[in-house]
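These are the structures in question, set out in turn.
Each of the next two complexes has chain A plus one other chain: chain B in the first, chain C in the second.
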Partner chain A sequence: MLDINNLQASVEGKAILKGLDLHVKAGEVHAIMGPNGSGKSTLSQVLAGREAYSVDGGSVTWDGQDLLAMPIEERARAGLFLAFQYPVEIPGVSNAYFLKAAVNAVRKHRGLPEFDAMDFLTRVKAEMKAVGMKEEFLYRSVNEGFSGGEKKRNEVLQMALLEPRLAILDETDSGLDIDALKVVADGVNRLRSPDRALIVITHYQRLLDYIVPDKVHVLSQGRIVRSGGRELALELEEKGYGWIGDSGEVHHEPPASGATR
Partner chain B sequence: MKTATPARQIDSFLEQEYSAGFETLLEADTLPKGLSEDVIRVISAKKGEPDFLLQWRLEAYRHWLTMTPPHWAAVSFPEIDFQDIVYYSAPKKKDGPKSLDDVDPELLKTFEKLGVPLHERARLAGVAVDAVFDSVSVATTFQKELGEHGIIFCSFSEAVKHHPELVRQYLGTVVPPSDNFYAALNSAVFSDGSFVFIPKGVKCPMELSTYFRINARDTGQFERTLIIAEEGASVSYLEGCTAPMRDENQLHAAVVELIALDDAKIKYSTVQNWYPGDKDGVGGIYNFVTKRGDCRGARSHISWTQVETGSAITWKYPSVILRGDDSVGDFHSVALSNHRQQADTGTKMIHMGRNTRSTILSKGISAGHGSNTFRGLVRIAPRAEGARNYTQCDSLLIGDQCAAHTFPTIEVRNPSAQVEHEATTSRIGEDQLFYAMQRGLTAEDAVSMIVNGFCREVFKELPMEFAVEAQKLLGVSLEGSIG
Partner chain C sequence: MSAIDTWVAEFKARSAQLPGAGLPWLAARRQRAIERFADEGWPTRRHPRWQHSSLAFMEQQEFAAASGAGDAAAALAALRGGEAGHWMVFIGGCFNAGLSDIGALPAGVLIQSLAEAMVQRPDQLEAAFGEADDGDSPAALNTALAADGAFIHLGRGIALEAPIHLVFIAGAEERSRHLRNLVIAEAAAEASIVEHHVGSGTAASLTTAVTRIQAGADARIAHLKLQQENEQTIHLASIDSVQARGAHFASHSLSFGARLARNDIRTRFEGEACEALLNGLYHVDGRRHVDHHTCIDHARPNGSSREFYRGLLDGNARGVFTGRVVVARDAQRSDAMQRCDNLLLSRQAEADARPELEIYADDVKCSHGATVGEIDEDSLFYLRSRGLDEIHARRLLTYAFAADALERITLLPLRKRARAALLARLPGGELLEELL
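The block that comes next holds the complex of A and B.
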């Protein structure tokens, strides 16, 4: 489904991705782990099309299409979803309005009838229940004044509503307490299906206690340096990133439970 | 990467064309350029005015000659040559339209194109319209229906003819001719406008609306609006404006006076879409307007709501004099300046009565090379025991070439007064656009959504039909019925 070949990308002239290869099949869940600064977030931003990141070489093919040639919103409409590490606040725009606009943009693209207000509310309320969000969050401005955990729940809510074909979770687990972590994991697990692929980017193994990946990759200095099964994550947990040998960076302890950033 | 970047898409969004920029070709009765006592006499004679009004105009003109244009606003433009302006231009016709059948079909078409149908069949539901084209009113709808309630809604010229006593009693009592340079000029040469009188105890059963259209070349539009709400009366009044696209600047110097007696309420809403000039700042309307309301009676309430998207330069401070005890003044404003537009706008709340209250809510949006200034004055007079004001000024910047300024002045001469001021400045961030686009929205929709969210508190104050128009004007789609 997704084929990344020799991808090279830089930000502000600084090379970050230096020949990254990754192949993801439909139905699979891949975990990408790596120390800070290894290029994890750059990978997610490049796949989503952020302009501040320039692609210097390589190719990304998604369902036979040249992903890198697609505009940001076309990627989104075609089913690429990025759960943000730091969800953005949009003052004055209600969450309900934002979600409805997004869902209908995607539905329209897929040739489905757009939701009217009633259909949408029924749908969104059911999904909110599943992620443990109170209804009041519909009527608050997008992410404004949300706690770290609430923002991440809101990301998972959007992911569920938009029914992506390829979802990328960029350190969605960082700074979450165990309850919120379970919500994120549950959201991912509910989305698993034979025609979807998920890429879970994480610094810590603990999310993988709840989301069992088909493959685990270790990213270091802009390349995938090791790939394996779930056991690779456990090995990393045990030995730290220093063990992968070439980065010199060490594994930091996870933040205390409940901490937010 | 070949993706369309948010920044580039914002640019194209901001460069949307002005859609009301067409010109109507009509035979017009136009005076030569220039201003003198003779010109004023001709205007007055053409309108068959009583002598008191001619004398009033001449006095204003003589005072104007002693004045100089104000330079304190944060706007810059070449000196205006006041002898290079046409002060009177009217579509040629017989003795003034008796009914819509007498109105030139070209004119009706013009207003239809602008979305202001004047035909019986197509009239805006529940809105009475006075359509002003260049210097004269071409039609006022629903007059008969309103007359049954004792309401007078007509062009200013008709009011002078049929209700001279009311005009004489109230004209210039809120904005005296000597008030400022442009008000003096307007008093000397005003040619038409709207007149509204709501008698004691009457709640006006429909929205009243005036649509101003500048068409003729080199013509200034100097209209005069006078709205009087007697004891316990209430009215909601809307004003819309457009002009053709032209390379030269045109002057629009209007005066609006509102008078609210005891327990009366006047709600005045404006959607101003004068031609703003092109993206390099060539052409456009200079909108130098004096708008003031007088809460003359106890418990009276005057509310200004404005959405200012047009004009090359806007210089406008709709104000309220809170004379009556317990009277209330509101000012809700959205001002957008894009390309080379300059807006210096705000309000004055003059608290004179006891327990008077005022609210100022200003939303300034600057884009392109636009400059947006909020200028406000809150004055609490010594006898205004218990007066309260709340001011909120928010600025939104789109791009990095624009400017936003806030100049609030607060003068408190009574220790019991409570005055609050809040101000914020924010920018539509690349991160916000990226976030919205990653969810499937186009950059255009994302900007619209953010701008619309920013303006929501003000749009809420507009009557429904205008709220829709205002949102369209800002290039925004209507926020759904939820949220």
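The block that comes next holds the complex of A and C.
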């Protein structure tokens, strides 16, 4: 479904992704772990189309299409969803308006009839219940004054409503208490299906107790340096990132041809 | 032509026929006012209060009499949309009783045209009318030529529930309108007054408008102005308020139309513990220009003032805000806060924000801040990443920036009205209609 080959990306002239390869099949859940600064968020932002990042090389093919050539909103309409690490507050725009505009933009693209106000409310209220959000959050401005946990629930709500084919969760677990963590995990697990793929980016193993991944990758200094099954996450939990050898927290320059200092 | 001489000539031709021409005090004030206007001329950049909005071009400006003005009744029906309240309609600067619908009023409330008031209560008018040396020269031109407007008197303790709407529609065969509204609120009276300035056609013309408000002790007066003149109009207005002890005054100025719009908004705290809210929202594009020049005079202690102005500036347009705050020596414990935030929708647009604080007391809280920015890239990315196309996302964020000003309008029907007026201005506003 998603094939990332030798992806290189930089921000403000600083190289962050330095030849990243990742292959995700429909139905799979991949976890990407890594220390701070390893390029996890850059990967998610590049996949979603953030223009501040420049793609300097490599390719990303999604269902046979060149993902990198698609405008941001086209990616979203085609079924790519990024749950933000830091969801943006938009004072003055009600959450209800925002959610409905998003859902209908995606439905229109998929050739489905747009929701009218009543259908939409029925649908959104059911999903809000599932993520434990009170109805009042519909009428408040998008993310404005939401707590960290409320913002993340709102991301999971959007994910559920937009029914993406490829969802990327960018450290959605960070800063959450255990209840909110379970809500996020439950949202992801409900979305799991043979025709969907999910990429869960996280710093901690904790989330993977609730979302069992098919594959775990370790990102360090802009490359996938280890891939394995779920046991890799447990190993990281036990040993930390230092043992990876070229962790960005230890070395600030890329090691020459795999050498370690 | 709009040269000074032409206005003096117009005054000579019309002064004998102006309503109230037979009142000696009024005739004398008008005469002094036109002399002052002739002497000072249009303000230019050299005038300290007009540095960013010179009217020097007015000397050469042609105002042809408009022909074939639109259907005023239809314009009014579209504007009113069946809303209740007390409606006074002025066509071409003169009260139109047939289109007006003042409706039932509680005892102690008087709403009538200024021309009528000149006949029926000249003594009351003499005290409230204003002097020839009030304001700058455009206000003097208004004093000389104002023929009509609203006269509103609210008796002690009376709260008028429904808003008073004053609708000013440009008329046919005129090159200028000069309106003067007088509002006298006795102690503890409450009312909301809405001024609608509605353009028609595309002809260039001049509007001058002066609204004078006296808010008695503990009175609560809200003034909302929706300026939607045609885009060739020059709109020069002032709102002057004086507040007695504990009075609350709110001014909401929404300026969307006109080629050049200038609003001088002043309030003076003549008693202790007054409160003022000055809220403004403007949107200009093309080569248009808008200027809000405010002054809050904390003359007495324990007063509190809040100013929030927001501008949406597109094309080569320019938005100007000046916030003057004067705190007198014995006006201790005054609290004044001021903000002006501008969103530039084009690289060529320009915003100026200038605070002018003059503080003579030592125990005061005064703050001011101004920002000029563009649409936030993070927000734009967030919306697009949810499937909204870029144009929709930009419009939504533009609206959201302005919505902050709408939220301060507490009367819901008026907020809705202001929101509809904003959406009608914004390109693609129809996409956002569901926000209503």
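Following the convention adopted for this analysis, the second predicted complex is superposed on the first by the 248 of 261 C-alpha atoms of A that agree within 3 Å, B and C clash if a C-alpha of one lies under 4 Å from a C-alpha of the other, contacts with A are read in each partner's own complex, and residues count from 1 in each chain.
Keep in mind that, in the parts below, contacts are C-beta pairs under 8 Å (C-beta built on N, C-alpha and C of every residue); 3 or more make two chains touch, one makes a residue touch a chain.
Everything numeric in this text was worked out from a predicted model, so none of it was measured.
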Problem set entry | Which of chain B and chain C A:95 touches, first, second, both or neither | first
Exercise. Thinking of the overlay built on chain A, is A:109 touched by chain B (first), by chain C (second), by both, or by neither?
Worked result: both
For this session: With the two complexes superposed on chain A, say which partner A:236 touches: chain B (first), chain C (second), both, or neither.
Result: neither
For this session: Check the residue A:162 against both partner chains and state whether it touches chain B (first), chain C (second), both, or neither.
Result: both
For this session: Name the contact category of A:120: first (chain B only), second (chain C only), both, or neither.
Result: first
Exercise. Hey, is it chain B or chain C that touches more of chain A?
Worked result: B
Problem set entry | Touched partner set for A:67, first chain B, second chain C, both or neither | neither
Exercise. Once the complexes are superposed, what residues of chain A are shared between the chain B interface and the chain C interface?
Worked result: 48-52, 71-73, 75-77, 81-82, 84, 87-88, 90-94, 97-98, 100-102, 105-106, 109, 117, 141, 158, 162
For this session: Note which residues of chain B are touching chain A in the complex, please.
Result: 1-7, 426, 429-432, 434-443, 445, 449-450, 452-456, 479-483
For this session: Mind listing the chain C positions that touch chain A in their complex?
Result: 376-379, 381-390, 392-393, 396-397, 399-404, 407, 434-435
Problem set entry | Contacting residues of chain A [partner chain B, same complex] | 48-52, 54-55, 68-73, 75-77, 81-82, 84, 87-98, 100-102, 105-106, 109, 117, 120-121, 138-139, 141, 158, 162
Exercise. In their shared complex, at which residues does chain A touch chain C?
Worked result: 48-52, 71-73, 75-77, 81-82, 84, 87-88, 90-94, 97-98, 100-102, 105-106, 109, 117, 141, 158, 162
